[in-house]
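Each of the two complexes below includes subunit A, the first together with subunit B, the second together with subunit C.
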Partner chain A sequence: MPNSDHYVIIGNGPAGNAAAFTLRENDPDAAITIISHENICFYSKPRLVKYLAGKVDEDALAVKTMDEYRRRHIRLRLGQTVERIDPDSQSLHLAHMETVHYTDLVIASGARERLLPSMKPYADCLTFVTEFNDTTGLRKKIADSTRFFIFGGDLVAFKFLKMLTDMGKQVTLLLYPKAFWPHRLTKDMQDAIVKNLAPTNADILADDDLDTIVPEDRGGYWVTTKHGVRTQADLVFSFNGLIPDVDFARGCGLEIDHGILVDETMRTSLDNIFACGSCAQIYNPDINTYTTSIGWPNAQAQGKVAGLNLLGEHHKVRPAGRKYFDLEGVKIKTVWWEDLEKDEEA
Partner chain B sequence: MKKNGLYSKEEKIFQDKNKLYRAHSVKQIAYSTDPRDFGQVAKSIPCQEACPAKTNIPGYIRCINEKRYGRAYELNRGANIMPGVLGRICSRPCETACRHGAPDNGVSVGICHLKRACADLKSPMHRIIEGLYAPTGKSVAVVGSGPAGLAAAHDLAILGHRAVVFETMEKPGGMLMYGIPEFRLPRDLLMTEINNILRLGVELKTSQAVGTHITLETLTEEFDAVVVAAGCTKPRLLGVEGEDLENVYNGLDFMKAVNASNRGQTPIINETNRQSNRGLSPIKNVAVIGGGFTAVDCARSAIRLGAEEVALYIRKTMDDMRIDETEKHEARFEGIGVESLVQPARILGENGRVSGIAFVRTRIEKTGTPPFKKSVPIAGSEFVVPCDSVIAALGQAPDVHDVSDVLTGLDKDTPATGMKGVFAAGDFVTGSTDVISAIAGGRRTALAVDLYLTAMERKKTVVRLESHATTDRPRSYDFIDRVPMNTIAMDQRLADHTNEVETGFDPDQALEESQRCYLCNLKYEIDPLRCIYCSACIDVAPKDCIKMVETIPVNADGTYGRYAETGQWDKVVSITIDNEACIRCGQCYAVCPMDCISVTKTELIQMDMDE
Partner chain C sequence: MKTIDKDISIVIEICGSAGEGTISAGEILSRFMSAQGFEIMSFDAYPAEIRGFGKCVAHTRVSANPIYSPGKLADVLIALNDNHAISQLSALKKGGILIYDSQPPKPHEEDQSVVARADAVTISYGVPLTMLAQKAAGNARGRNMVALGALTALFHLDRDAFTNSIKDRYGKKKQIVIDSNVNSFLEGFDWTKENIDKADTISFQGVTPPQSKAEQKGEKLIINGNQLVAKAALDADLKFYAGYPITPATKIMEILSKELPKHGGTLLQTEDEISAIGAVIGAGYGGIRAMTGTSGPGFALMTEFTGLSVMAEMPAVIIDSQRGGPSTGIPTKTEQSDFNAAMFGGTGDCPRVVLAPTDTTSCYDATVLALYLAEKYQTLVVILLDFFLSNSIRNIDTPKKPAPKMLNANIAPDAADLAGYQRYKITDSGISPRTIPGTPGGMYFATGLEHDANGRPNYTDKGHLAMTAKRFRKHASVLAEAPAPMISGTQEMVDIGVISWGSSAGAAHEAVVTAAGEGISAAAFSSMMLSPFPEKQVTAFAGRCKKILIPELNYTGQFADFVTKIIKRPVERLNFITGRPMAAEDIVEKMREMI
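Entry: the complex of A and B
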């Protein structure tokens, strides 16, 4: 008997895809739609660093092809943005004024860049890398540029530093101890990082902060720190962690703190709505804290649990344990991320 | 877009056309008390409806657009009495309701910043306008000189009564003077606006605590009526072990101590709370408990007193914080962290001083009917944060016994109390709210007192309708980004705790922000008798704003309900503009071949009963 269920998933990352494919495996008939504002099939974000370095092509980013969705009858709506959720009428309002009805909703909208409040006036001068859209034209720009300034200290920052120095570029890193927000690098950690990064030939600035970024008429920027260091750079990157991308979900009645609050079954505060992956905020009893932006493998695991529970099961997601991210000899306790690309190389 | 006050070609043509229209149109003005018109105004002008004082927001924004700052200031003052103050610290319920901030419409208009702009930019020669009634020979005592007491005294004086304000503290203003820090509200500006009230003949008696220096009963004998507007002064306690340690402050005491010190002075905070014989305690690493106005002000003040680490700890979520986004941003900008979903379990001490605080994590649960939100501790989730000071800023409650033991019958919905001739206003009767609610409450109470004293209703609210031959704005204004407020740099903020952080708009910025307002007081209507149903207007409409309707239901209170729409031509009884969806872009007005779309300016105004 055909059923009239329509499962809608917001987000085409690991969480959204795990949810969609789990739903299809367990419910062959329901209509399943994935909506994503990006215009590209499911791809690997961790591999974006290699892509930007020119080491791999766009093809190598793909995790799933269009064909796989066709075969599973999963409808992909790419390049469409959800602007608002209306839980009363069980519908989504899209930016192009279309309304999409759902019977059950999975929010897997991921995370976006964290712009530090002090950097707000300089937002236009900063380059972020959080999704494929950000990389348009950037690959060539990186290849053509020589001087880089990196502001931050999250894991992507270190990956970028290594990528750029391997490419023979001139790099200044201003280490921001709160980049791992809400955790912060201790003084010992900072010292170890500075020491271990010495062989990269990058200039590492610690115990300092950004003061101003002034664009030059001919392109490029003058960056000045609070302690008066003045550097010229063709590109200024900001890598200060990610924050859940949930603004479109605010005001609809969902409980939202930093991310959308979920319990260990990935249920939100509203019926028929699940959230998973980087956009969800979940309490982790092992480390006694709430977490968001939980990395690729965990996003996948949460997506699967959301899919199963949406169909009436009662699975609990296993809390993500402590993980260590090893970068050039500096061990950084990440709690949740795994260095995926590194594993591949090994 | 235009910069430096210059207009683009498109705007110039638009303005010339405007002038022409104005010169040739005959104004038709009507006054209405029809419930349908009140209902229309409430739905059409969401910002004004959300403002507790019902400020005519599109009216004053239009004046700013015409550079009539003094008029804009008076339009404000007529409703909210202290525009310069509110333009800095209002909690901005209007901006939350603003149509420009509705989904798909962008970001709300900077209503509050514009209010400040008219106060800042008006001429130094500006005259305030007050319409005074003849003296009545009656006298009213007002207890408390916070915004509620001041607003009540202001209106009572206008209505011809003698108003005498009794105030415990040395200076008037209530929380404006002793709660809100000077870096958000300069005291000279505050005193100017307070003096504008006192100039009406209001007498102020400071250092006079009712209940201590003079009793409420005496006041009832000496005056014809009494208004109690004593605010909320009793701090809520944490109720955890360690609360009596040195360096545990309550938020209001902390702010009072900060506000007691002038420019150039360093506030001494730990003398106010408890006498210390161990010298000044450090405040380097501060945990502030709470997420309201007081908590954020304490945290930002602590940073200015030299604290290195300051964080707010809140029981519920970031979304539950009761302060507006700008203040959240400023706090984060100043390096203040927020830890959400936690609650204090106990305060740890060493040698009588704070050494840390133990928290438990919480989760949100909905219970009860109707369901309400509660934070519930998570078992086994305790963790310790080291700190040397704790500020408990959980808010305050009214202290009725401090004023009188015989005062009963307080009810937040009515100004009267259980005592004959005694009325109440502001936070004292409603519990902690905000300045604009306190002002609106004070005004409402003054009217109730006036009715009690004179047995006459002297004012009525009517809807003024005026034909308006133009839309007053081109479509391009809809795409202007919100103008950010100018602020001072971090080092200037730290240089002196009284340095005002926000510095206001210059005239160009005020003009640009004023252009963003849709002017929702302009009502767009289609004359169904002239309409030929060509649907040209629907084709150009940027929103789902022009509707084909079958019926328009009428609500029980006489206002119109939601349109019943239809897509079937044979059922269409009218094509009509939904003024709730309309963004006043003027496209339909420009395109209609039959000229059957009209624009009417709608305003709520106060009229004398006998006018």
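Entry: the complex of A and C
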């Protein structure tokens, strides 16, 4: 156990960084460590598509510089993976067999790719783009390839499709109604999306499903759908939403559903452990259930709340009410968490 | 994150504990890179103890272009042992790559793993080295090969060619040894290919080796300085070597113990260094080409006998491979701190020839030249190697065999000389005809006492002066046979001139090129011949330099003191004794300060 406070944050995204910087602002003396399995400083995931298109370089992805962490004495452990939490000894077991002790822990591990059950047999054939690690080497592959097949229909899928068509690539999209998880696209929504994507000149397949993906000896794949459409592709991508990245936290006593269950103050079921961002499932008193959230502002707000409450304050995130997501011209109703408001009763 | 362009080299360091195969892994890496057509320079740092503990580092610089110095910081650090690798992190470039054991045999205490201590900008790749080695061979000994497999996969190197390099390295071992090493390598390769997405842009792709493998076949030697000294000695018809083992010179003796008898020669392992130099002088007296090798402590013991070689004018060659001193010092760290001892050690006015090779190739040239000069000028020749030169490995073109005249330089007396033979006849060149014992009419007294032309003791002031002058006169002729100093950089007036010697010279010449790229006008001067020293050339060089910098691996600047007296002006010094060789970066940093 450390002699003085050691706040450890798992995750180097907007939630984790908001928590870390909030902690530093309010506790100048404590040791603060951010652990991330990625080998890169805090960067903008939304810009990855432009990076893959070769429109921006790596420097343009950076959200914070190393110097900002140094000045605030926030330690970064990059390229290090947490494998297990031991709440009894208040320690983390890292993949390289090092134990890191904490006095308080903030889990902000984000989300990872969602692999649909029907695609599991073909996982080795699929390419995912969820973090910077996925993009290394992919820029060149994309530049060198001409034919692409995309499964899915989440926000990134459409951005990616447009990026490819803008580059003059030949793209086929198999639209999945469940891609915009946890929402399901209705038939009307799908039709509207297909219509709105017409100007891209991509081939859009709907009301269909994957049958097989067969790798070719010389590289590339043959993709066949249930309706018998057979398409040749150099690369096959899957964009079917994200799921909380919390496998490492299972079995340690934390209450976990899809994500780590937290109350409105970002407290988990265990003392000294908070969770925030897209790895968390937050209790919504209005609908009396736990919901996950996505989006940069939500994550930042939750990270800030987690940081403040870890220091003994009592803040809540509150539901922002119904919001609409624009999915290729189709409005989808959602309930998200954002905005920080001091609990007047605290 | 950075991109290595084709003009920039890549430095790879493997760090482990003694006995973990660190040095073997570095050697295999060097051989593979050489076989791929790259230029390589590699050296090892290891503890003085034989095995069991202590930090080992195998350092390899790889480039498509000629390499002059080892490089200061590594682009890639392979950590076979976290405890040791932590202290090696300071030699890893910002944004460099760290390959570490992600499943070590024992858990780490907090902050005691190398990845925990790495700078945040380091790109870290965890590979289960121990687990994969055990899987491949049933024990953890192959962790070094697993690491090489990981490196090969990460950098998209030729897996099959690398496998062949491993087979070549262990070719004389039992099949089970070869198989376990190869299998460990392949486990590391396959696992990394499957599990690691490379998140950096450091790459050998686009770095085009200057020669194809086929073109190089049979022409390139992968060799270190000690091996090359031994090869040169054999090529130069050495017939007798006496020595007492001492790091870092022992390898020369090891090689010659096997090879010299095959060439009709004899190797004598003596009870100490005093006996060794005595035996060498005795062999020289008998007309046999002879040499000894040692390091600083052994050279100190030989000092009295060096005077005999000079006074009695008997050929003797001593190789002093310098290490950290004084006394037993730091046996496995490099230094250039025997300069004064080699140049001035001993009693009396004692002229001797001192040669200091500046790179691996010149170890060959210096050895051939030393044996020739010792014989022709009937004197002592010291070759100053150092730990780095002795052990650093280069891939070089096979040296040309010595010219016939270099193989026998004894100046035998003719009939006229033998009539009233005077062994120490005063001559203009200082060289007197020398008989081999047993030559009819060629008898003489050989003594360490001052003597007359016949070798009889003579203590008169005139006699001593005449003989001392004769011995010094030889130097004028020696200098004429010395290779010309190497001068690089612009030929015009420059802001900084770098004067260097020995193993630091390569770094100096490379630094001048780097400095020029930064707009610093500079030139470099180095000479293999230290005694006699090319004073006119160095003075002329200094005359076109606004400032002079002298880098060397000793504490006080022994060579700088020497040069200052010649050029009669103050110089800037760059001295360190950290045990690592001089790198071009060290010199460039100093040059930036000087501007």
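Here is the rule we go by: the second predicted complex is superposed on the first by the 307 of 346 C-alpha atoms of A that agree within 3 Å, B and C clash if a C-alpha of one lies under 4 Å from a C-alpha of the other, contacts with A are read in each partner's own complex, and residues count from 1 in each chain.
In this text, contacts are C-beta pairs under 8 Å (C-beta built on N, C-alpha and C of every residue); 3 or more make two chains touch, one makes a residue touch a chain.
Model, not experiment: these values are computed from the prediction.
Engineer: A:285 contacts which: subunit B (first), subunit C (second), both, neither?
Structural biologist: After superposition on chain A, A:285 lies in contact with subunit B alone.
Engineer: Is A:101 contacted by the first partner subunit B, the second partner subunit C, both or neither?
Structural biologist: The second partner, subunit C, only.
Engineer: Looking at A:137 after the superposition, I want to know if it touches subunit B, subunit C, both of them or none. Which is it: first, second, both, neither?
Structural biologist: Touch status of A:137: second partner only.
Engineer: Please tell me which partner, subunit B or subunit C, touches more residues of subunit A.
Structural biologist: If we count touched residues of subunit A for both partners, the winner is C.
Engineer: Touch test for A:80: subunit B only (first), subunit C only (second), both, or neither?
Structural biologist: Only subunit C; A:80 stays clear of subunit B.
Engineer: For A:4, using the defined touch cut-off, is the partner it touches subunit B, subunit C, both, or neither? Pick first, second, both or neither.
Structural biologist: neither
Engineer: Need the overlap of the two footprints on subunit A, from subunit B and from subunit C, as residue ranges.
Structural biologist: 95, 97
Engineer: Using the touch rule from the top, collect the residues of subunit A that touch subunit B in their complex.
Structural biologist: 83-84, 93, 95, 97, 117-118, 120, 182, 250, 255-258, 261, 269, 283, 285, 288-290
Engineer: Given the complex with subunit A, which residues does subunit C contribute to the contact?
Structural biologist: 1, 98, 100-104, 106-113, 115-116, 120-126, 197-200
Engineer: With touch defined as at the start, can you tell me which subunit B residues reach subunit A in the complex?
Structural biologist: 103-104, 317-319, 329, 332-333, 337, 339-341, 361, 363-364, 366, 373, 378, 380-381, 383, 490
Engineer: Please output the residues of subunit A touching subunit C within their complex, sorted ascending.
Structural biologist: Per the stated touch rule, the residues are 38-41, 58, 66, 69, 75-81, 94-101, 132-134, 136-137.
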